[in-house]
């Protein structure tokens, strides 16, 4: 048995142990014992994933009672990479979860499902055939669904979140099942190696591609299958949301990669356009909704849709460009998608853990009632800040490197050697650049808002005022997450080399490490060395710091109890800008897309029409796709459900007539 | 190509360029204000008034509110450093690339955005309505400008085949026909509007207003004082100067140093100084004739510039 | 000599079967229907006997006696006993007699077409008449669908069952004896159960109107 | 090994007689459990026999246990055990004169089903199936209320009429077999290929027989009796009916399909079963969307699963092992759910979903197994229904029935959403009861005092009792969870059973 196989077996055993431990330990010790076991389970995933990423091989066969092709788990390099990424997030989430002792998220159900969730998620990328892929996919879904139960008794919204999540997960699942089944039906096998034999030019391949894309897109929270996200993630405890939004989405990406790179490589150009369109719409819609959200977790949830949109944009660009033989740019776009996936996992997990820490300390997720947490929770603030930099794609974080790579790939994609590669690419690339640019700009606003409103300025509520820093066990994963966000940005060269190796021989982007740990993408001839950039900034900082220190010695800062505020003296915290008001200009600009609902209620003083006593303004932005696309369908279904009752109205005569008609039909048919 | 062409002479030139712009930026502001004052029939406060302002601010005790955090101290420094980085990286005096850090457009933009974010956070930190308002508007504009900025440079990068600014400038120097091609003209107009928005100039923002309803930039720095305010002002000026320098080098690339020589360095320094100051004066003249547009009309303006940039890219397929 | 009258006898018996079925649709009185059912049982027994004589199978003759006892006498007697206990013996069917008879005609034509298609390779006399059995099945079904009284439904079920037996005897001379016994027993038990339920219904509701059984629905 | 064919018929009958004879109530109540155990034991014995390569028979071949029969007998025994054992804690039985007959009828019901799967003769099997109607008629009407009487009436009329249609079909098949010289109703004889059977008659007979048995299998449009009967019968009986009675009828359909396939090819019944399966899924979907009664919800879910199995049967050989595994998985899961539904009905006193709220907080002892079983029912792994569904779907696309399977997937999604919504409505949330302040903190569920959102609104101590034996439910769910992973001997048995039906070995 090789070490990879042993690692996978270890995950199975650890999962069982963790489940048993969660069931058997008393509530006093449960979080500690189960948390550590879950962390070990994730740790086993980290080790196995890393081994597989660097070329380790090993397989585990799952016995089955049905005469299917053998269910084999054997992660390749790409699978190892994804396993590594999700396990690292799982590790952070498990450690963070230990700190949740004695709250609802420390219940038996919560820890059992956490173990099951991590287990399923970590082994999906190890599958080498359809059935085991679907098996672990559904184990993952089951675990994540059960995880939502933590706060069900105290929040009425959990129930609807559960229903939405289950239904949308199942929708994705069925898309994936149907897609795989089409492939398996044509090729006659369920092993991925067998599926890969299908000619991508056939219509079955296209059908399967679209189905699989929708399925995996749903898991990756893409529009229009994202509707569960803003409902579910706010209901999940911070570490669960981190595991879902930081890790589980990567399984969706992995699925898409599996399709585009392994199963149906070299597909027609329109596949690429389709993926790009899906990604672009998701990115824009996601970030627009995130920028106007007031609930911190909703904001982060929509930002996941945005980032996954960008990942799919890169993936689509690579499919399109590969079809146009712009291989260098195509591979760079693929690499960018991977880079973004990895860095998104780091920063989004950290952000959600940060949000979890805020929720734990304040019990409040509405940004309009937060504020001033920077001084009260310095660790959380620092980690959240670093991760927010990553989410806003600013240097020197992993997010920046990824978006830079993506833009470079797109800019270099439409022409090879000065020649236009294709009309499609020449239209798609600039539009994609524009989309990414707008997305990046809005992401900037979003995270300035998230960080600035929550952690800076003055507390907007009593709870925020009384917030205290979280315990050490929760600070550790936050710190690790923040270090990862920055570390990925500082070491893009080795990271890119590892990612390139994961993509395998046919798709291997030509990247090298340059300088200390910079990235040199030979395929499109661009270089980036964040370490040097940081060093340069440090050099420039020296004189500035000297000037600051010199000035500070002679002119110390004076603290005034009140801000100047344009001269106003009765300034209360309520008069600050809130998250809602911060996004107000943007809501106006994108009025047509967001369709906010505004309620303005004016109370006049006595009879006077000119003197106003009080103005109450309420503005809410609902998910347009939910209200315009899903609601009508649901209402129709409900009406149909009521109407369908008439078919079963209790009359035995009616029931007998059904049978009678069926008999007559069968008689007529057999005598034809 | 890029990594091979590393020239160690780039380092002293970058330092010279930095020194020049630290000196030049306040002067540029002085020129702009003076030109405007003269056109409006005022005497003006002289070319060196910005320098004096900075000196005055540094020599004061900063006052900060009890509720504000370290951001009020760190933010201005971050803005200043990001602007200094711009001055080092942009091809202003010469186009010699620094080792490992080419003047890649996307890197430049993101460095600039660090300054933008620092400023926005400073605005939020004081916990006042004005600061938040300025920060909110500032970020909205920044978000909407970015597509224009990137697409414009995408269009400019097409003839050069790279997004490295120094190479783009070199290409224009070698092949001046590129400059007056429709692609370039459209892109330049779009870029100019984007830069006006980024640097809070008219018609997007009025740099000299303190009327609360119209403030963008000024609202954010209301709570800053002493050296903090000095860094904020200096950082913003440096950004303006550097971007104007970039714009001028794109319009008129002549005089830019491409190979190291002492004479070339002197010519480069002089050329960029003249170009920046002249452009600044022109900007000032232009601003006299412009009124600030309403905040909610700004998106229309930016959408227009975005359309121009997109047209530029499209034109590159039709014309070039 | 028997061979020459055999077709006539088969025709006579099947004709009686069809006629009794059709009359049951026409008549509303429960007691009349029971009498018709009894007659039908006799006709069926005669049919079985004729086939038995033709094939010379003693087994089939025994079956005919069985049929006579169960279907001609036993079941109608039980039903009549039950029906006399009810206050209402009149049926207000969901289909008026004319429409009912018209439907019967249509169903008979359909069965004829179906049977002739199914048995086109079989030119025997009995096979030719198998359509009648099918028609009885459909008429039995029609009774079930249209009648409101528990007793009438029971009669419909029995007609349907008679139809199946007719088909069985006409197409293959009946199924093996032990099966015939088993099947008869099952039918008998079903009737007993329905009889018991009808009794309970009368206890609970005061009558046996099926239309009031509409409490369970979605 | 032939004695193992007697056990499932004789032991239940003897136990039924003992139950009727009176004596100790406790003993009588164990009668059905004993019968189930006997059926299960003989099923396992026969499994062993067929795996060893023998085909035990009895009574001159009247009873035969090939792999399929042995497997089905095991399913009957296993599901019977779960239903009867799980139903022990249940106060469903009216005390007094009917108590003994209840237990006796369940035993006879089990014997009838055993006979149905063991009979080699189609006619005998038909009689056994009809016998199940007869025995369950009184079980459905057991509560002696107006509605249970109504359900029983509908059940008997619709069920008997349906089975009568099946008889008509069997008669035609028998007529068709006259071509062989020796008319026969033996499965073994008829399913041999190359017999000179009249194809027209086989087609008509097969179609009518399938239509008839579809009534008992609960396939639309013949399903109408099912929701009423399942909702009115005592929970263990519902579990038995839903878990195995439907499956026994499906077994008959599968056997008849083998006969017709050999003569006229698979296409005709494929269309019929596809239509029936999809129609069942559609009916289940339509009536689950706004379902109000949780026992009817389970009934419609049975229609759904039978529909899916019918689709699997339509696909044919490649899907048969999955269908057979489905029978077991669905049987055990549904029996568990019906047993639980009986307990919920008993303690809550209402079958309405709207009136049963926040079960997870109030009665975790019932809600937790309910949720787990619902997860198994809607097809989550590791429960075996997941594998069955995947197996059917993959085989369907493989067999060129992609459109059918595609439509089935859409309907399954609707059903999934509806079931989830209803289950969530029953179990999740806070109880509506007004809180009684000052109750000690140890009443909290799982130590789940919520530091974030403050005190829990409920103060009534949660009811952790499972209101009946826990072990059978645990065993049933455990068995469905692991059975799909046992290649040997389950996999072999499934393959052999499918081979009996002409599937791949």
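So that you can tell them apart, the chains are marked A, B, C and D in the order they are listed, and the count of residues begins at 1 in each.
Quick note on the criterion: a residue touches a chain if its C-beta (ideal position, glycine included) is under 8 Å from a C-beta of that chain, and two chains touch if they have at least 3 such contacts.
Because the structure is a prediction, the values reported are computed rather than measured.
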item	value
Taking each chain's C-alpha mean as its centre, the one farthest from chain C	B
Contact-richer chain pair [C-D vs A-D]	A-D
Separation of chain C from chain D, taking each centre as the mean of its C-alpha atoms, in whole Å	33
Distance between chain centroids, defined by C-alpha means - chain B, chain D (Å)	75
Averaged-CA centre spacing for the pair chain D and chain A, given as whole angstrom	41
CA centroid of chain A to CA centroid of chain C, Å	68
Where chain C touches two or more other chains, by residue	114, 117-118, 141, 144, 210, 213-216, 218
Touching two or more other chains - residues of chain A	644-645, 648, 650, 652, 656, 659, 663, 667, 670-671
Touching two or more other chains - residues of chain D	153-154, 157, 161, 165, 204, 227-228, 287
Touching pairs - complete list by chain label	A-B, A-C, A-D, C-D
Chain D to chain C touching residues, read off their complex	121, 123-124, 126-127, 130-131, 133-134, 137-138, 141, 144, 146-147, 149-154, 156-157, 160-161, 164-165, 167-168, 171-172, 174-175, 178, 183, 185, 198, 200-201, 204, 227-228, 231-232, 287, 291-292, 296
Complex interface listing, chain C residues touching chain D	114, 117-121, 137, 141, 144, 150, 153, 157, 160-161, 163-164, 167-168, 171-172, 175-176, 179, 182-183, 185-186, 189-190, 193-194, 197, 200-201, 204-205, 210, 213-216, 218
Interfacial residue positions of chain A with respect to chain C in the complex	644-645, 648-653, 656-657, 659-660, 663-664, 667-668, 670-671
Contact footprint of chain D on chain A as seen in their complex	27-28, 30, 62-68, 102-104, 106-109, 130-131, 134-135, 138-139, 141-142, 149-156, 158-159, 162-163, 166-167, 170-171, 174, 177-178, 180-182, 184-185, 188, 190, 359-360, 363, 637-638, 640-642, 644-645, 647-648, 650, 652, 654-656, 658-659, 661-663, 666-667, 669-671
Touch list for chain D against partner chain A, complex	153-154, 157-158, 161-162, 165, 203-204, 207-208, 211, 215, 221-222, 224-225, 227-228, 272, 283, 286-290, 321-322, 325, 358, 360-361, 375, 378-382, 384, 386-388, 390-391, 393-394, 396-400, 402, 405-406, 409-410, 412-414, 416-418, 420-421, 424-425, 428-430, 445-454, 456-458, 483-488, 490-491, 494-495, 504
